[in-house]
Amino acid sequence: MSSATDMFGAALAVVGVLFFLAGTLGLLRFPDIYTRIHALTKADNLGLGLICLGAAVQSGSLMTALKLLLIWILVLVAAATGASLIAQTAHGRGIPPWTRQE
Amino acid sequence: MTGYYLILAVVILAMAFHGLMVRANLLRKLMALNIFTSAVFLFLVTLARMAEPLDPIPHAMVLTGIVVTVSTTAVGLALLVRLYRRSGSLTLDSSNDD
Amino acid sequence: MTTLYLVLVGVLMGNIAVGLLRILRGPTAADRIQAGQLFGTVTVAILLLLAIILEKPIYFDVALVFALLSVLAVVAFVTRSWPHPDAKDQDEQRD
Amino acid sequence: MAVFDLILGLLLVILVRKCLSITDMFGAVISFMAFGLLMAVAWVRLEAPDIALAEAAIGSGLTGALLFSTLGRLPHSETRQPLVPRGSGSGPGYWLVTGFWWAAAMVLIATFVFSFQELQTPGLGGPLQERLAESGVLNPVTAVLLNFRSLDTLMEIAVLLAAVVVAWSMGYVDWPARQTIPSPLLPGVVRLLTPVFLLVAFSLLWRGSHAPGGAFPGGAVLAASGILLLLSGMTVQISPRGMSWLRWVLSAGLLVFVLAGVSLMAAGFGFLVYPEQWAGNLILLIEASAGVSIGAMLLALYVGGEPDMAPSQPNNPVSRPQ
């Protein structure tokens, strides 16, 4: 129940969820699409990575850990590709980046 | 708990049916139809969960249903694109007829 | 421990609720698809936590399929359905 | 857990409401996809891993790609049109009808709450467990799909094939698809991901006999891989010979299924009644062909029409204007 690995895994999951919160806050509060991509892509994927790590620590089996690693890599690839595609296309379509107003 | 999911299924069913009837845009009608089937599946799976032991037969039925739904949706979308090219409209409004 | 994980799942679902605001506000379609990406990542995380809570490793596989297919929607969006400025109305980019 | 259910249900209802009432069509489609994602969470909650897998692959992946590609074929102005045409959506008639349906729904809800709570539902889980050993597989859902109720699955594959026939009968589509690739990143990533897609698809297919998975999720992942290849601009020129080959692949699932049934009949068993010692292998054969076939059929449905391989110049494969 409350062995050391379980505690460690739970702590990792908690930190991961905090990163998710930060990413969502960025999505909501940042002024334009480029900054939102930046907030969401980095924070959420780090959060997911921490949750994966926490689950892997808890599962205690190598197969599951490898599967979780694969999940994380896949989400990273998807997020990086998506972020790059969206940003490049947005730039190509002439959506102006936000600049600080006077 | 299962009673809650039954209610949820019926609520979603009613909302989807409402959308299916009221919305004019055919793309939205197709999405409403999809949600409608999802609600039916939710109902079936909840019934399966209530059985003791867990009843896998509704699961198999729902699995079949999901595939039929996606093929229906795909055909509907293909028809929709054709309709748009033919009539320039996404609704079946009779005043838009050629 | 289970309670803690349930709270975490609840917080993640709160993230989805907040992401809905971004869908509502837009302003561009790209902002909306970003909210969609957020939903994808959050769902994977929820599935991982549920797998731990219910102690069924099979749900890791569901998360794996989600992770695999999360790239599909955004690629379909960018290559196929991003409203082009040549289109008749450009209000997406203005507001 | 009760709070979890409550939040999940609330989110589902909000998403349905958004999907059906938000003016912006992209917002509606994304809400719909989010609805699919959360439905998968609900399947997990209701202990239906097979359905969760299928929903993950079909509900969110394929349907999302389908909807986005359809949106792309419609002009932008259409995606922001008002929800209801002029003249409807208001007035006493509208509210009368809506009110009637909502009242009927509420009565239904009340009935369900009171009747189903008391209903004893023994289900068929017990008898199925007893007979699982003779089905040739260990996963009860696969046993139902491909042994006890294999006729249903046969019909379902026939429905899919019929859908492909309908889509093809509507005319040709551009092939190879016209598009501009926004970045060289995309083909590179797709080249990396395709082996992973294939690996996952075939592992899902293979493990269907003993764990959640099987022909549908496997086929759907296969189709998703094909869609990704199409989206990244990697298309092949289809020759007339390739077309006939494609037709065989599309119908392979149904053909193998029917052939297995008929030959079992000829051997003195019933139609699709498997003798116990062959059941496992027969199911594997049918499932493998059905999985590949389902993948091809879903991909064909995504393409949305018969691939146009008619007169294209050898050096300059111009697509036919639409």
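Think of it as A, B, C and D in the order they're written, each chain with its own count starting at 1.
The rule is short, and it goes like this: a residue touches a chain if its C-beta (ideal position, glycine included) is under 8 Å from a C-beta of that chain, and two chains touch if they have at least 3 such contacts.
Worth saying up front: this structure is predicted, and the values here are computed from it rather than measured.
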In this assembly, which chains make contact with subunit A and also with subunit C? D
Please tell me the distance, in whole Å, between the geometric centres of subunit C and subunit D computed from their C-alpha atoms. 20
Computed distance of Cα centres, subunit D from subunit A, in Å: 28
Inter-chain centre distance, subunit A versus subunit B - centres from mean C-alpha coordinates, in Å: 32
Return the distance between the CA-based centres of subunit B and subunit D, expressed in whole Å. 13
Mark out which residues of subunit D touch at least two other chains, giving numbers and ranges. 1, 47, 62, 70-71, 182, 186, 189, 193, 196
Quick check: what residues of subunit C touch more than one other chain, meaning two or more? 19, 33, 35, 40, 51, 61, 64, 68, 71, 75, 78, 82, 84
For subunit A, which residues are shared contacts with two or more other chains? 70, 74, 77, 81, 85, 89
What graph shape do the protein chains here make by touch: line, ring, star, complete or other? other
What part of subunit A is in contact with subunit C in the complex they form? 1-2, 6, 9-10, 13-14, 16-17, 20-21, 23-24, 27-28, 33, 36-37, 40-41, 44-45, 47-48, 51-52, 55, 58-59, 64, 67-68, 70-72, 74-75, 77-79, 81-82, 85-86, 89-90, 93-95
Residues of subunit D touching subunit A in the complex: 182-183, 185-186, 189, 192-193, 196
What residues of subunit B sit close enough to touch subunit D in their complex? 1, 3-8, 10-19, 21-25, 27-28, 31-32, 34-35, 38, 41-42, 45-57, 59-64, 66-68, 70-75, 77-82, 84-85, 90-91, 93
Give the list of subunit C residues in touch with subunit D in this complex. 6, 9-10, 13-14, 16-17, 19-20, 23-24, 26, 29, 32-33, 35-36, 39-40, 43, 46-47, 50-51, 54, 56, 58-59, 61-62, 64-66, 68-69, 71-73, 75-84, 87-89, 91-92
Could you please specify the touching residues of subunit D with respect to subunit C in the complex? 1, 3-4, 7-8, 11, 14-15, 18, 22, 24, 26-27, 30-31, 33-34, 37-38, 40-41, 44-45, 47, 49, 52-53, 56-57, 60-62, 64-65, 68-72, 75-77, 79-80, 179, 181-182, 186, 189, 193, 196-197, 200, 204, 211-213, 217, 221, 224, 227-228, 231-232
